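In order of appearance the chains are A, B and C, and numbering begins at 1 in each one.
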Amino acid sequence: MLYREAGQFKTSYAADQAMFPIIQDRAFIAMVLIIAYGVVPFWANEYWLQAVIIPFLIFALAAVGLNLLTGYAGQLSLGTGAFMAVGAYATYKITTIYPDINILVVFLMSGLIAAGVGMVFGVPSLRIKGFYLAVATLAAQFFIQWLFNKVGWFFNYNPSGTIIAPPRTVFGVMVAGPEATAQVRYFVALVFLTVGTVIAKNLVRGRVGRAWMAIRDRDIAAEIIGIQPLQTKLLAFGISSFYCGVAGALSVFLWLGSAETEAFDINVSFQVLFMIIIGGLGSILGSILGAAFITLVPIFLTNAPALLNIPFPTDLSKHIEEIIFGGLIILFLIAEPNGMARLWQIGKEKLRRWPFPY
Amino acid sequence: MSPRNKIGDVLLAVDGVSISFGGVRALDKVSFDVRAHEILAIIGPNGAGKSSMLNCINGFYHPQEGSITFKGQRRRQMQTHEAALQGIARTFQNIALFKGMSTLDNIMTGRNLKMKRNFLWQALYFGPALREELEHRAVVENVIDFLEIESIRKTPVGRLPYGLQKRVELGRALAAEPDLLLLDEPMAGMNYEEKEDMVRFILDVNDEFGTTIVLIEHDMSVVMDISDRVVVLDYGRKIAEGTPDQVRVNQDVIDAYLGVGH
Amino acid sequence: MDLWNVLFVAPFADMIGSPRFLLEVIIGGLLTGVMYSLVALGFVLIFKASGVFNFAQGAMVLFAALTLVGLLEHGVQVLFALAATGIIMVLLAIAIERLILSPLVNQEGIILFMATIGLDFVLRGAGQIAWGSNVKPLDVGIPDKPFEVAGILLNSFDLFAAAIAAVLVTVLAVFFQKTGVGRALRAVADDHQAALSVGIPLRTIWAIVWSVAGIVGLVAGIMWGAKSGVQFSLSLIALKALPVLILGGFTSVPGAIIGGLIIGVGEKIAEIYWAPPFGGAIENWFAYMLALVFLLFRPQGLFGERIIERV
């Protein structure tokens, strides 16, 4: 009775094409936004913001980006970590050379640089498909990690090899660096995620998104109706890497504070891939749900023994964590290969019929 | 037969086209013309090179010899995307729809070439981009009306029965408003009613929009009923060409179908 | 430092200056390549028979080696320990088939791929919980003595590894081409449903293939373990095997071997002649770049068949 589209007539194509055509959905989204902007930052303490919520927002942004490439355009990539690293190091270089540029603008500039790098590594996608391409993107992963590790220019010849987020203000408010409060950093990350999500949603429901999905579903048929494969795939690589680059920049400047290349190693690539698969390939909402799941599970696993008062030696608990994490992923894939977004949809379907399921 | 558009000049000229795959000669110096507004059927036994012919026409295969002239432009090598730009659209023998997308989105992809706003506008989904999207939506809705598939507009095509999928695929091709429509076995695997519907759509397209149609079909009664002319291929060679009545009595054609030795 | 000189002059001058050293480098590379091939073989087997890109192959190598070392540490005899580990790998294969593969029949490749990444986590965790995570030496009695042939330094261990790989490949080739099971395997690789419809027991076939891959993993684990000790990082050699796979093609047994050799040699040469001015440690990415460049010219890999696309 609560969730019905019956009676909501659309009198124009514009209304039918709206992002959330049903009023209940709009109400729900409005509620989520109110909670995210108005409640969470004042209710959550420093620890939760810093350890859980900010990384979730940042990874959600990366996951949205990867989902555009892998979920929508069908190009499997294992180079997410590298593209995030490009964004992070680019921000570091730009802001140390030109400290006066607004840091938020620097984030976007770094995204563009990451997009360029992503497109370069996307070129092979014209000739290589599927797992071959996935392995090829590992070339990006390892090469870029090595480059930022070996070439001193990228980390300003800092003897420890790390990049450290310098303090930066926006309109007088400290945004990055050790003195920025968790609340402010949360807000910045949240704004990036919100805008990024809206843009991604717009892209996938328009011409670009349809071209991506066409290439994903039937590349030859897509080619024959006039969709140019290289252009389409490169655009996907570029936009996806833009998202990842910005996420990488945010992760150093809003979350970690300092980082080495290990912060962007292949495990990060896998983590983001897990997010979109658990969340649902080809679903923007799924990317965000998946990011929440993957960031929360390890935190839960680390804290669960303490909560239950079971003493574990730490190295043992790390391995147990690995087993549970791996097992959960397998279980999830078996239970719902289409991810959390699909579960969400089924839930809505049920709600639509409730209380008369037949 | 319904009243027809007057058959016009040569729209597509296939001239001595040959192609082989690893020693197998799929097409051997095939030549024929397609005139504007006509329905031309290509028939022949399995493996005669019919699909390869369509693949050459829309630039997916590149003929090793010969040339193809479309709208007066002669070419040997052409990319599929150029063919689409020039107004060639097609359907496939084994349905090649985008399974993860809805009927509406599938047909909308047929409009992709006509949409001009770049991705930055698309990202905003506002102003000109939205206007453009809505204009094309209106065209697509016309196609949906025409094919009588309003009720499956939002259904993912993977869930549709075979006959409807074929119809959606035709819709995707029509959405491009092609001058030349290539249909690869549009009625394969259909029951009688579905075939009747499909024939009706094909004739209507030809009639109302004046679209030139080249189709491959195995059902001889359909071919003889709807086509203006028929080209017969066998082992990659053209063995006959003419009106349905001429082809029906051609000795070579009868031999090819009955399997007289080569 | 002149980049041109570093890239295009000095390395070649060095090579010509000391051809004997170059030869040693090449032979060293070939022998490392054999080791890569061993790991890549496990991938190829599983991909060929089930279309699954098994990311957990590295973890299987680690798991097998850890099990073997663990048994040896508990005083079990070498041969008996080998047999026991082999049996454990077969049981593991059956368990994987039961718990992961059959519930996921007919899912898309990427889903199965993700499942094997999950499996990778589980195996790594389980192996280290059961047998500890310290570096352990593995000694199964393979002689490891350097000797000289015609002035070139060789190592008996490396030759032994090469011999093992040769035997393994021959056996596998015969198995695939000449036996009924091999034919069934190839049928399954082509099309799951079609294979099922002619009565090929899909699940048994998968269990067999994963067992074989497990045994190949054991062999690889023994060789790598004996060379560099058994530890967590053993599972990472899977990452070294991937470029071998793109080079050789995912479905070609000879491809895995030749690909491994090319990567082994290429990597060694690059490491010795080109890397030092750049701070070294290029082995992590060089193989990938090599494979990538190669793929641009031959997308189907060395031994893959040219694909004729049809519509």
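Here, contacts are C-beta pairs under 8 Å (C-beta built on N, C-alpha and C of every residue); 3 or more make two chains touch, one makes a residue touch a chain.
This one's a predicted model, so the numbers in the text were calculated from it and none came from an experiment.
> Compute per-chain Cα centres, compare each with the mean of all protein Cα atoms, and return the closest chain.
A
> Which two chains have the greatest number of C-beta pairs in contact?
Ranked by C-beta contact count, first place goes to A-C.
> Just how far, in Å, is the C-alpha centre of subunit B from the one of subunit A?
So the centre of subunit A lies 41 Å away from the centre of subunit B.
> Measuring centre to centre with CA averages, how many angstrom lie between subunit A and subunit C?
Each chain's C-alpha centroid was found; their separation is 32 Å.
> CA centre of subunit B versus CA centre of subunit C: separation in Å?
Centre-to-centre distance between subunit B and subunit C: 48 Å.
> When you check subunit B against every other chain, which residues touch at least two of them?
60, 92, 96
> Got the subunit C residues that touch at least 2 other chains?
311
> Would you please write down the residue numbers of subunit A that are in contact with two or more other chains?
Residue numbers touching two or more other chains: 220-221, 224.
> Spell out the residues on subunit A that touch subunit B in their complex, using ranges where they run on.
Residues 12-14, 17, 199, 202-203, 205-208, 210-211, 213-214, 216-218, 220-228, 235, 239, 282 of subunit A touch subunit B in their complex.
> Taking the complex as given, what residues does subunit A use to touch subunit C?
76, 124, 127-128, 130-132, 135-136, 138-139, 142-143, 145-146, 149-151, 220-221, 224, 266, 270, 273-274, 277, 281, 315-316, 319-323, 325-330, 333-334, 337
> Touching residues of subunit B toward subunit A in the complex: what are they?
58, 60, 80-81, 83-85, 89-90, 92, 96-101, 105, 108-113, 115, 117, 119, 122-125, 129-130, 133-134, 137-138, 141, 172-173, 176
> Note which residues of subunit C are touching subunit A in the complex, please.
Residues 53, 99-100, 103-104, 107-111, 113-115, 117-126, 128-129, 133, 239, 242-243, 245-246, 250, 278-279, 281-282, 284-285, 288-289, 291-292, 295-296, 299, 301, 309, 311 of subunit C touch subunit A in their complex.
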